[in-house]
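Could you have a look at this structure, given as structure tokens, before my questions?
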């Protein structure tokens, strides 16, 4: 069922990226040398093929002065499955928020799926305008740590919501919701409201919403925090199945056993730095 | 074909979303509609009232005359055509000195025809005219013109009562204008507040919409449609109330005072004028509703 | 001692909580205050205006007289004391038939003293009185009394203008009463809505307070204090606006029309009447603010 | 620091319980036999001494028809430490909510700290009135699964809040907040707002708020869901220290290793029934 939306093709399109022409990855030395700022498109193209997420020298300082990330580099290739670990308050959520544009980096370059979200290179910092950001977000799936469900919409509407925001037909939306809810085991609760769900059920609903539109990149912030071991494993299996279809997955987790068991790439944030663990 | 179906889907979405907002909004909608309704009703009533008072004072003013006394030996009938052609003159009535004297004597209680005939010879009066102007304001102008005519001795128009009537009318006009203005301002403030509160109450929802990739137009159009709908509903309700209260006011006035102020009601649906008020209310409601939601939404547009 | 300090702590808590609510509420407070302010202002202005119009019409009505014509051979001075004692009679002026005849003749242009003396002998007139009533409404009553007096032949009072004036005054009174009523209703609706929205916006907070063991009074008293404060602030603001716009209106009136309607302004701060309006606005504001928050809060009290 | 508020005395007071005179534990056979309903005060006194929480034949059916608990019995003695486990959606949170009065049982008797919250015995169901409920809640501490922090108050205010609701003096409140925040490691973030905290920090704040007023009974719903193993252990240690002072603790958890490690009493909810595991 799921596989039918899943014929993965790396995206080279982005007509508007060309129009907006953001400063693209200037940390990479320009091979042409003389082409200057706007001439580096070739570098970008090569870059784009082998990178889904690319952070270069990214620092994040919050307005209240707390320095969360310092000079972080991260490359995630399409189709990878990456665990992000670290103690509570290390900056895992902040890292993911930079990727879906909910926070803005203080310095460095953030590129996701060939779209530059932020770059402090160039004369003044470039920040992605609202419309391209919305378009990028449609290709992402996010499981928020605090779920962010819509309190006054039923489960079904909460999931449908993402698809409706993209103008899909009601019939198409109906067709997709069923299998997605089934995957996370919430089929019977389709017409309930979020406050009528247990904590773990809310978390699974959040996951369902993130995957219903078949994202190219799934950012899951602690998607198993309120789940028992069996359900955690189930969620991990869902994510791994998606990953096997070509979806890139970045997931944070506190559960060392889960991380251990999965055997995927692990990065760890500690003291603002990012360490590759496996 | 694909583009068309997508467009259709979008329209459907907007309507559904607006409907959902209305259904889920509950009493928030009623707050907005009722506030707008009350304010439109007040505006409508004050307009109606100012029209009515205008018309009433107008008709009252029309009954006020200018008295023109000619020089002795002048005949009023000679001057009459000249006076009739003056601007703003509505009616001219000639009173010859004989008529005047006869009336006077009769009023004094001398009813003996013979005595009257005797007295007529001694008639100390002059010919006079009563001139009516077509509006209270024009009285002064007409009087000024009359004074310049040859053969006119004295021109009396208006006493204190007339002047004060004109002043009352002026005051009423100013007052109703002021009240209408203040009410319109209140309406804008209240609706903007209400819609901003609705947006705020759905802030989390909007946040999530932005996070899953909805564009600003997509998010805010339903709100704007909602505001527009508020305007339409309120305008219709307000008009109904205005019609109802007109009837009531009319009945009350007819009972309370003997003289019916017919000008208060203008319920002739064949006339163009009849449709002016509902159209104005509708336009005002839609404008206020839409622009208020625009203002409310504008303030919260960020990423 | 312990109980006292606990009580003091509670008062402190309530004040702090109210202050916190005000500070954190941001523009929500301004929404509430501005709505209430505008409505109080309208009420204030409409009351002022209705007072002014009342006074104006009163003074105008005071200039209207009843003409009383006696039977021939009756002396007006004989009747005068009797008339003066009638209820609602403000002033009685006697016009003997000699005076009247002389005035009439003079008006007719007969200025020759000798001729007047000649004519006086033939005086066909009767003695008359001009009676002023203390209010326009009382004219009818006074006239009816006068008609029943012995020796009175004819009583004339008011023409169409007088009647219409009384009717206008009645209409104005009705209108201002109606508008005040409608505005008060609007005020209650708007403030209740606003405060309920504030409560709703803090619903999660209230929920948590209940869950950690705060009693209903503890939770809702700050809201009620806040509503009360809104009332006080709005009333003060509204009074300022009324005073300001009074000045403006006065100046406007004085410029626009020659006759100053002194009754519109009553700015004598030594008079008790001067303090009536602000006190009324304050009372109304506090009442509306407090009772509205009570209503708003009552609706959301559950566990 | 903490120990100074901790001289634990079992509470026999509750002047208002006497006034409200709820139907008290009628499931227990009346030893006097002839004293009838209001004569069972002696039974209650004995009961009260050896039970902090007492559920008798409690069932919970939600309005939408889902049956979560059926005929559950549970006795928790003062000073006990109880883990509640079960898969996601089993009814753990619902059980705790019955204890702090956020949900009402459908059938059975619920008594907490000698106060009857609900009883379906007697001619018609008894439900605790708002004021006694508020008074009871002041003696409880609750860590909510979804934290329930006040978004527009700082950390310090969020914690102070509970004490202010009871009319303590500002000086006393200030004196208590410092140590409590220190215990959960949030001293430096005292003046921040909840949205400026990471998920785990919010969870610890919720814990701080629950323990600041030294409750006699602490109900912790998944207090380590968003914490890394080290922080989870820290939280467990805090709870154990409180327990050693005499505070009764009921905690739900999904983490089998944590439950294993702690070695306390464990009950498990499965299919609506409650099983004593250890």
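Each chain gets a letter, A, B, C and D, in the order it is written, and its residues are counted from 1.
Criterion: contacts are C-beta pairs under 8 Å (C-beta built on N, C-alpha and C of every residue); 3 or more make two chains touch, one makes a residue touch a chain.
Bear in mind that the values here come from a model prediction, so they are computed numbers and not experimental data.
In terms of the stated touch criterion, the partners common to chain B and chain D are A, C, listed by label. Highest inter-chain contact count (C-beta pairs) belongs to B-C.
On a Cα centroid basis, the chain most remote from chain D in this structure is B. Once the centre of each chain is set as its mean CA position, chain C and chain D turn out to be 61 Å apart.
Distance from the chain A centre to the chain D centre is 38 Å, each centre being the mean of its Cα atoms. Measuring from the averaged C-alpha position of chain A to that of chain C gives a distance of 67 Å. As a whole-number value, the distance joining the C-alpha centres of chain B and chain C reads 23 Å. Not a single residue position of chain D touches two or more of the other chains. Residues of chain B found to touch two or more other chains are absent. Chain contacts in this assembly form a single closed ring in which each chain touches exactly two others. Of all possible chain pairs, those that touch are A-B, A-D, B-C, C-D. Those residues of chain B that touch chain C in the complex are listed here as 28, 31, 34-35, 38-39, 41-42, 46, 49, 53, 56, 60, 63, 72, 105, 108-110, 124-126, 160-161, 163-168, 170-171, 174-175, 179, 182-183, 185-186, 189-190, 193-194, 197, 200-201, 249, 252-253, 256-259, 261. Against chain B, in their complex, chain A makes its touches with residues 100-102, 130-131, 133-140, 142, 144, 148-152, 161-162, 164-170, 209. Touching chain D in their complex are the following residues of chain A: 62, 64, 85-94, 145-146, 192, 196-201, 203-204, 221-222, 225-232, 254, 256-257.
The touching residues of chain B, counted against chain A in their complex, run 5-6, 9-10, 12-13, 17, 24, 204-205, 207-216, 218, 303.
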